[in-house]
Every structure is written in C-alpha cells, then in structure tokens.
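What follows are several structures.
In the two assemblies presented below, subunit A is common to both, partnered first by subunit B and then by subunit C.
And then the complex of A and B:
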C-alpha cells in the first residue's frame, strides 16, 4: 500500500510540475492574471511532492519490502541499514528520484533567495525549471518507475546492493554529484529567461552567478569524493581513470568553471553576454549528455547502470527539446542593440576570454575523446578501440600548463585598461624560491628527484604565489580580507595544492607485486613490509579473507588490514585495500591471489602527496561555495 | 552576416544529436545480432548436478532448444521460472540451463524446491561460456534451431508474450 502512495504522489508531482511549466508563461504572454499562480508556494509544494515518494522509497528499503522490484534488485535482508539507505540512490530509478529532489531543492532556493525584482522574469525562470523537472518526472514514471511491484509472489530476499557501492564515500558521492548536475538547471533557465526578456547583461549575470558557483562547488565535491572512492575501493590505487562516466562529470565541471568566470566579466563590465548565455546552455546540455551516455548503455564503464535503449531515447528527447529550443531562441534573438564596452589587449576582460577559450577547448577535446570510440566503431563497422589515459593526458597537459600560467597573474590584471606588469619580476622570484623549497622538501622526504614533474611543481608554486601575493598587494586587513577575497584565495590556492599533489603522485609513486608467506617480510622503498597472518571474518553480508600487514620504516610500526570479500547474496568479490595514511604519503597494499596454502600475492604502493589532490579539490569546493553564498546574501 | 553565426551553435548541436541517435539505434541492433545466425560456441564445463561430469557442445543434442542463463542470485530468473516449467510440462521444447556465476549447492536446492525445467544445467562459475555467448547478465535466453544455430536472443524475463513474439515462430520451421 505505501509504495502505491509514493507512486500516486509522484504522479501528482508530474501533473503539478506540468502546470508550473505552462501557467506562469501563459499568464505573462496572455496578460491574463487569472492564470497566474503563486510560484513561490508552488515551488515548496512541488518539493514536498517529490520528497514524499523519495522517503517512501527509503522506507521500503528499510522495512525490506522486496515486493518492490527496485528494492529486491538492490537490497538484501542482511544489508546493514545505512547501506539500505544508500541503496535508495544506488541504481538508476532511485537516483532519478534523488536528482529530481535536488532540482526542486535548487528551485526553492532560487525562488526565495534571488536578487531580481522583475516578477515576470522570475516567473519565467520558475516556469522553465518546472519544464525540466516535469521532463525528468515523466522520464521516471514512464521508463524507470521505482515503485514497480513484483506480484503476486514477492521474493523473500533481494539481490543485494552492488558490493563495491557498499561504502561510506559512496553514500554521499552521488547526492553531491546530482546536486551539482541539477544545479546547472538554474543558470540554464536564467539564460533562457534573459533572452526572452532581453535582460541587461550585467543584471542577469549577477542573477546567475551565485547559482553557477554553488553548482560548481557541488560538482567539485562529488567528483573528488568519487575519485577518493575509486582510490581505496577499486583496489588499484589509481585516483582518476578517464572512465567515460568520470569524463561525463568532468566536462560540465570545466564548463561551469568557464561559465562563472565569464559571468564575472559579464556582471562587472557587461561583456561576453552572448557567450555566457551559450555557456549556460551547453553546461546544462553536457550534464544531460552525461546522463545519456551513462544510462543508455552506449558506453560501458565501471559505473554500470541498467542498460535500456528506450531510456537512452527518452533522455535524448529531453536533451533535444530543451537544448534545440534554447539554441533556437538564441539563433533568432536580436542581440544587435547590445553595446559591448571596449577593452585593451592586456586587460582583465581579455584574461577571462583566454581562460574561457582554454577551458572550453579542453572540454570539447575530452568530449571528443569520450565519444570517439563510438564514432570509430560506427565507421569501421564494429572495430572497437579505446581512447584511454594516454590521449587524455597528452591533451590535458598543455591546457593545464596554459591555464596555470594564466591563473598565476590573472588576479593582477585590471578591468578595461592595459595592465601594468611591474609585479612580474617579484612574482617570478618568489615562485622560483617556493619551487626550490618544495624540491628540497621532496628530496629530504624521498631521497630522490624526478625531473618529469618539474614543470608542474613550478606551476603549482606560481599559482600559489600569484594568489597569495595579490592579497598582500591590496593591503587588506584581516576582516576585509575575509569579506572580499577569502573565497577566491581559498579556491585558487586549492588549485595550487591540487596541482602539486598531481605532480608529485604521478612521478614519485612506486609500486611492486610481492609474494609472501606468513611471517615473511620484504623491503620496499624505505619500508619493511611484514605479512603477519591471515584471518577469516564474517561480515553482515559477506565473508572475508583478511591479511594483517605491518609497515615499518625503522622507527614507526603500524598494522593495516587488507581483505578479499565475497558478498554472499551475489557471490561478487571485492578487494579492500589496506591504507596507512601519513601527511606526505599513503602506504597502500591490496591483497591479490592465494597462490598456494598460505602464500598470497600482494600489490603494494607508496603514493606520496595523494591526499593533497583531494585537499585541493575540497578547498576549491569551499571557495566556490563561499563565493556563491556571499553573492546570494548580497541581495 | 551576424545572424548566420548565431545559427552555428544550433547546427553543431543538431549534428551531435544525430550522431548520438545513430549510436543508439546501432547499439540496439548489435544486441540482437551479435551471435544470431552463428553456431552455438564450443565449451567444456562441468554439469551442475555432478562436478565430475564434463559437458560439451555435443551434449546439447535434443534440438531445437532454449538455452536459459540463470542463477539463484537472480530474482528475475525466479519470475520466469514458472513459465519455463510450463514449457517443460507441455513438452514444447527442450530447455538447457546455463547456471551463471552461482553457488552449486544453492542452485541444486533451488531446483529441488521449485522444480527443474532443464534437461541439464551447465555449471559456469567463471562465466566462460557466458563470455562466448556475450551474456549481459541473468536471465537471458537463446533459441538454438535443429541445426545448432542460434536464431534469437532475449535479454530479460521470458514470459508468454516474449515467447509468442520472439521464439514461437522458429519452432515450426
């Protein structure tokens, strides 16, 4: 009975979001007040109409209602309760509910905290958002109904949640990512409304900026958590795989970063209005495109969702409707009356232009690399190739280099006029000294210098000094600094730290396959690794063979546990890596095969500075969130 | 002149959309045709009921037949199980089971409890034959005609409708 209530409420959500998508527009264009509806209240109401089905689904998981097909496919009696909660969004149907919930959340936030006084314009943003929400609601009900029942004889237990998803990071990674994806709906709706109302560039850019920043912040967090999860859960010790699904999140991230930078120029100087509109549309389009690639089954990856061509077709339909629609408005709109202020070649405006060009071309190259295997397969009649990490790394490097160099001095540029480059010699000297300092530290820590990462390490010091020195230049006291520059300082320093992490981990990492019997030990780097013993462990829904390993560098000894788990309902194997985290490095060991009797193979790795990658990403996320919230509050 | 440039983004996007759409239909066909009209692949695996008995392609002798991929962890397999029993009881055609990545004891006790629609089941713990067949997961069903050629493939639950629509026509050839 309760799942049916969820189902019915979901249907009413569909109907109401349809009305929300039509009525406000009809009221504006027919100038008929009879049709106008209270949009603020409706946004709250809609939110509850999706919250209830979502809670119902959670409830069905918690009480083990296996007559609900979705529950029986993704849960199991023995699954611990917090994973039952996570299983709610662990597969296609439930994650769509979460997605719609997130979109409704953004819409409420926008309706209550936007800085525009133009009622018709806000109603239009509301209406367009409702149309997007309606499309997703329709998609859910018609192709992916989470409340479908297995009747008359429900199974006694379920097939279990995919074991590699049974993990703490995974319980929060998808919600954050979906918040990021769905948040891009707001800038999209704003850009369409701005075109319909011929809004002044400065005005709509200031309206859109906080929402773009916050979506970008959630995307950053979601991607970073996903990378962290892959690092310790997949047991390979890698942190980025250029997997199509990772790319599908990375592309909208790049575009949203480009967008909020170009919006700064639009808001302050009224330039790049058309460009910002296009970026808003394409950032949203790529977040939908990501969904399409993952859930239509045309790309295979570790993120396996149920494959269904019909779903792919539906998402393609949504994509076509909204993006063709908005680009059509763009193509017929008369932008002629816009006057673009002029600016010099070395001005801040030009800096933003360069930043945007680099980010967008990079995003397009990654998109191309992601779908190229499909094109190749189509034109060669079925031959399959995979464009892997080498392609993406070759592409990424020059762009990252150019972006980093630009980032170092971008903050010193001035609006409109030619900038003075008097700061350059000092900045150069400072970043070179930091660079040398980092190299000395690395040498002390690892007894080694790897030439390959010199350029990247220099880049990191250059960004860091460029970011920190500008604050000194501006002579801000502590409180004024917090108010005015904390967000950008945080985010840009985060970028420097992330770059340093990537540089060091990619050249200083070492790994080795070892074969050990109990009580044997082996030297690796500056560590002695001892295989103490194996143990059998019974978890709530798995059986595990675990090995206790001890790392010793002469003075410190520490034990870590690595496991091979067999999850009982599905029989799937997972490897739990044993990780010892220090400030400057991770010691990473994962259990391989049982060769004979007690002899096991292990893969052991030392990953210096790997935590710094996620620390940097966290700082970027916090910085952009702060910047977004600050601008919401400014209203 | 300015107008023409404004149509560019739309044009580029439409091209992208067409490319994506063509992938979709491409993929759709591929699923259907991958092994259709080719011989059933060779294999050498043990029988579910007896670890020491090796089964090969030659053992699939009562043709035409259905090859049904199943497992105890697969809930949808239990949904289609009664229909497979019905096919067996009405002697419509032989069904061979391919027990996929499963626990032998559990699988046998399930067949004992719910009935065994299969002539025999091949025990494919590592999914070797399943890989050759291009199996996506369980349940999945193949129709092998009297010459040992795979004629049709269905991913998902086989029921009355699927049987009528996809398989029945091959039976009377």
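And then the complex of A and C:
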C-alpha cells in the first residue's frame, strides 16, 4: 500500500509542476491576475511532493519490501541498513527521484533568497524551472517508475546492491553530483527569463552568479568524491580514466566555471551579456547530455545503468525541447539596443574572454572525443572505435598550460583600461623561488627529479604566487581579507594545489605486480613490503580472503589489510585495496589472484601527492561555495 | 578604428586562433589515439599489421583460461561463435573477468596470429556487457 501512496504523490507532483510551468507565464502574458499563483508557496509544496515519494522509497528499502521491483533489484535482506539507505539512489530510478528532489531544493532556495525585486521576472524563472522539473517527473513516471511492483509473488530476498557501490564515498558522491547538475537549471531559467524580460545585463548576471557558483561547487565536490571512490574502491589506483561518464561531468563543470567567470565581467561591466546567456543554456544542456549518454547506454562506460533505448530517446526529447526552445528565444530576441562598454587589449575583460575561450574550446574538444565513437560508427556504417585516454591528455595539456599562465596574472588586470605589468618581475622571481623549493622538496622525498613534470610544477607555483601575492598588494587586514578575497584566494590556490598533485602523481608514481608467499618480502621504491599472513573474514553479506601486508621504509613500519571479497547473493568479486596514507604519498596495495596454496599476486603502487588533487578540488569547492553564499547574503 | 570595433576585432582574432589551434590539436590527437574494435572473425579476415594497437573482444570461452603457477602470465580464448582468438596477457585480471562473460581487450597481434593484450577492460557491474560485444552477439544470433 505504501509504495502506491508514493506513486500517487509522485503523480500529483507531475500535475502540480506542470501547472507551475504554465500558469505564472499565462498570468503574465494575459495580464490576468486570476491565473496567478503564489509561486513561493508552490515551490515549497512541490518540494514536499517529491520528498514524500523519496522517503517512501527509502522506507521500502529499509523494510525490505521486495515486491517493489526497484528494491528487489538493488537491495538484499543481508545488506547493512546504511547501504539500504544509499541503495535508494544506487540505480537509475531512485537516482532520478534524488535528482528531482535536488532541483526542487534549488528552486526553493532561489525563490527565497534571490536578489531581484521584479516579481514577474521571478515568476518566470520559477515557471521555467517547473517546466524542467515537470519534464524529469514525466520521464520518471513513464519510463522509470521506482514504485513498480512485482506481483502477485514478490521475490524473497532481492538481488543486492552492486558490491562496488557498497561504500561510504558512494553514498555521498551521487547526491553531491546531482546537486551540481541540477543546480545548473537555475542559471538556465534565469537566462531565458532575462531574455524574455530584456533584463539589463548587469542585473541578471548578478542574479545568476551565486547559483552558478554554488552549482559549480557541488559539481566539483561530486566529481572529486567520484575520483576518490574510483581510486580506492576499484583497486586500480587510478584517479581519472577519461571514461565517458567522467567526461559527462567534466564538460558541464568546465562550462559552469567559464560561466561564473563570464558573469563576473557581465555583472561588473555589462559586457558579454549574450555570451553569458548562451553559456547558461549550454552548461545546462551538457548536464542533460551527460545524463543521456550515460543512461541510454550508447557509449562504453564503466558506469553501467540498466540500459533502455526508450529512456535515451526520452532524455534526448527533453534536451531538444529546452535547447531548441531557448535558442529560438535567443534568435528572435532583439539585442541591438544594448550598449557594451569598451575595453582595452590588456584589460580584465579581455582576460575573462581568453579564460572563457580556453575553457569552452577545451570543453568542446573533450565532448568531441567523447562522442566521436558514435559519429564514426554512424559514418562508417557500424565500425566501432574507442578514443583512448591519451587523446584527452594530449588535448588537455596545452589548454591547462594556457589557462594556468593566464590565471597567474589575471587577478592583477584592471577593468577597462590597459593594465600595468609592474608586478610581473616580482611575481616571476617569487614563483621561480617556490618552483625551486618544490623541486628541492621532491628531490629530498623521492631522490629523483622528473623533467616531464617541470612545466606543470612551475605552473602550479605561478598560480599560487599570483593568487597569494595580490592580497599583500591590496593591504588588506584580516577581516577585509575574509570578506573580500577569501573565496577567490581559496579557489585559485586550490587550483594550484590540484595542479601540483596532478603533476607529481603522474610523473612520480611507481607500480609493480608481484608474487609473494607468506613471510616473503620484496623491495619496492624506498619501501620493503612484507606479506605477513592471510585470514578469512565473514562480513555481513560477503566472505573475504584478506592479506596483511606491512610497509617499512627502515624507520616506520605500518600494516595494511587488502581483501578479495565475494559478495554472497551475487557471487561478485571485489578487491579492497590496502592503503597507507601519508602527507606526501599513498602506499597502495591490492590483492590479485591466488596462484597456488598460499601464494598470491599483488599489485603495489606508490602514489606521491595524490591526496593533494582532492585537497585542491575541495578548496575550489569551498571557495566557490563561499563566493556563492556571500552573494546570496549580500541582498 | 572606434573602440567597440577594435575590441570586437581582438575577440574575433582570439576566437579564430583558438579554434584553429584546437581543431588542429583535435585532429592530430584523434588520428593517433583512436583504436578500432575487431571481432575474432574480423581479425581473421582483415590482415592487420602486427604493431597496430587495436581493441578486440567477444565471449570468454569456458575452460580456456590458463593461468601460470609462478608468473602473472595468463591466456584465454574469446569467441564470437564463428571464430576464436587466443589472448595472451601478463598481469592481474579484473575482478569481473570470468568464463562466459563478455570482455574487451586492447593490444596488438603477434606474429603467430595471437593477440597480446596490454589492457583487459574491467567494468564494475556483473550484468554489464560491453556494447561492442553485445552488438557482435546480436548480429550472430
């Protein structure tokens, strides 16, 4: 009975979001107050209409109601309660509910905390958001109903949640990512409303900026957590694979970063208004495109959702409707009466133009590589190819280089006029000193210098000093720094730290596959690895063969546990890596095959500075969140 | 030249140079880093160069997996139910690698006509079938 209640409330959510998508617009354009509805209250009401079905689904998981098809496919009696909760968004149907919930959350936040006084304009933003929400609600009910029943005879125990998803990072990674994706709905709705009401560029840009920043922050966190999860859970020790799903998140991330930078210029100087509108549309569109690519199963990806061409078509329909609709409004809109202030070649405006150009062209190149297998298959009549990671690395490098160089001095540029480059000699001296310092530290730590990493390491110190020094120049006291510059300082230094992490981990990592018997040891890097013993462990829903390994560098000895788990309902194997985390490096070992008796193969890796990648990403996320919240509260 | 025109010119030049460079980069990177997918039958018919990096795949034949006792060498046969291909690999296989399951490998052909894999692709869902293999099997049914 309870799942049916969830189903019915979901249907009422569909109906109400449809009305929310139509009525406010009808009221504005017919100038008929009879049609107008209280949009603020409606946004709260809509939120509850999606929250209840979501809670109902969670409840069905917790009480093991296997008559619900979705529960029986993704849970099991023996699954720990905590993972039953997380299993709610472990597959397609439930994750859609979460997605819609996130969109409604953003909508409430926008309705209560936006900085515009124009009622009609806000109602329009509300209406367009409701249309997006309606489309997703329709999609859920018609192709992916999470409350579908298996009747009359429900299965007794359920198939289980995919074992590699039974993990702490997985429980938070999807919600954060969906918050990021769905947040891009708000800038999209704002850009369409801004066109419909011919809003002044400065005004709508200031309205859009906090929401773009916050979505970007959540996207950053979601992507970073996904990378961390893949690193330790998949047992390969990689942190980025250029898998289509990763690209599907990376592309909207790049565009949202481009967007909030372009919005800075739009808000402060009234420039790039049209460009910011287009970017808002495409940032939103690529977040939908990512969903389409992943859930239709047309691309080879490690992220396997149950595949269904009908779903793919439906998402494509949603995508087409919103892109064509908004671009149509863009094309018939008369932008001619807008005046744009002029700027010089070495001004901040031009800096933002270069930043956007680089980010967008990079995003397009990555998108092209991601969908090229589809294009190729279509033009060669079924010949299949894949585009490997080297393609993306070759593409990324020059763009990252140019972006980093720009980032180092961009904060020094001045609005409108030609900038003075007096700061340059000092910045150069300082970043070279930091660069040399980092090299010395690396040499002390690893007895080695890799030429290939020099450019990127220099870039990192260049970005870092460019970010830190400007605060000194401005003579800020502590509080003024926190108020004015903390967000950008945090985010840009985060980028420097992330760059350093990437540079070091990609050139200093070592790995080896070894075969050991108990009490055997092997030399690896500056470590001695000893295979102590194996042990059998019974988990709540798995059986595991585990090996205790000890790492020793002469002075410190530490034990780690690596496991080969067999999950009971599905019989699926997973490898749990044993990781010893230090500030400057991770020691990483994963169990391979049992060769004979107690002899096992292992893969060992040393990953220097890998934590710095996620630390950098975390700082970027905190910085952009601070910047967003600050601008919400300013109103 | 008036300032607005001048700044449009800057923007235009920047965009033009940017996109030209990007196009060149994309084309050259793509031509070096795209791997064609072959089924065992196609490999037999195609007469490929030994050095070329390609991807191959099919179903892992039951009973064909041979693991060495004292090294990480492993070999197995993949099939598209018309032809077989012997795959050789040195390293630890992914957890989801199993008999009668689909697999995709990346590597090149050896002089003996076998396939030397440098990577065996792992997918983290047991029910997942690589689209290449799924299509392959569909067309054979």
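Simple rule for what comes next: the second predicted complex is superposed on the first by the 635 of 635 C-alpha atoms of A that agree within 3 Å, B and C clash if a C-alpha of one lies under 4 Å from a C-alpha of the other, contacts with A are read in each partner's own complex, and residues count from 1 in each chain.
Heads up, the rule we're going with is that a contact is a pair of C-beta atoms (placed from the backbone, for glycine too) under 8 Å apart; a residue touches a chain by one contact, two chains touch by 3 or more.
Bear in mind that the values here come from a model prediction, so they are computed numbers and not experimental data.
By the touch criterion defined above, A:466 lies against neither subunit B nor subunit C after alignment on the C-alpha atoms of chain A. In the overlay built on the shared chain, the residue A:273 is in contact with neither subunit B nor subunit C. Touch criterion not met for A:408: it reaches neither subunit B nor subunit C.
In the superposed model, A:375 makes contact with subunit B only, not with subunit C. Of the two partner chains placed around the shared chain by superposition, subunit C is the only one that A:575 touches, whereas subunit B remains out of contact.
Set side by side, subunit B and subunit C differ in how many residues of subunit A they touch, and the one touching more is C. Subunit A residues in contact with subunit B (one complex) as well as with subunit C (other complex) are 297-298, 382, 570.
Subunit A makes touch with subunit B in their complex at residues 72-73, 150, 155, 158-160, 278, 281-282, 285, 289, 292, 296-298, 307, 309, 312-313, 316, 319-320, 323-324, 327-328, 330-333, 335-336, 371, 374-375, 377-378, 382, 569-571. Remark: subunit C residues 3-4, 6-7, 10-11, 14-15, 18-19, 21-22, 25-26, 28-30, 32-37, 55, 67-72, 91-93, 95-96, 104, 106, 122-128, 130-132, 135 touch subunit A in the complex.
The part of subunit A that touches subunit C in the complex is made up of residues 162, 164, 234-236, 297-300, 302-304, 340, 342-345, 349-350, 353-354, 357-358, 361-362, 364-365, 368-369, 372, 376, 382-388, 390-391, 394-395, 398, 513, 515, 570, 572-575, 590, 592-593, 595-596, 601, 603.
Residues 2-3, 6-7, 9-10, 13-14, 17, 19-24, 26-28, 30-31, 73-75, 78-79, 101-103, 136 of subunit B touch subunit A in their complex.
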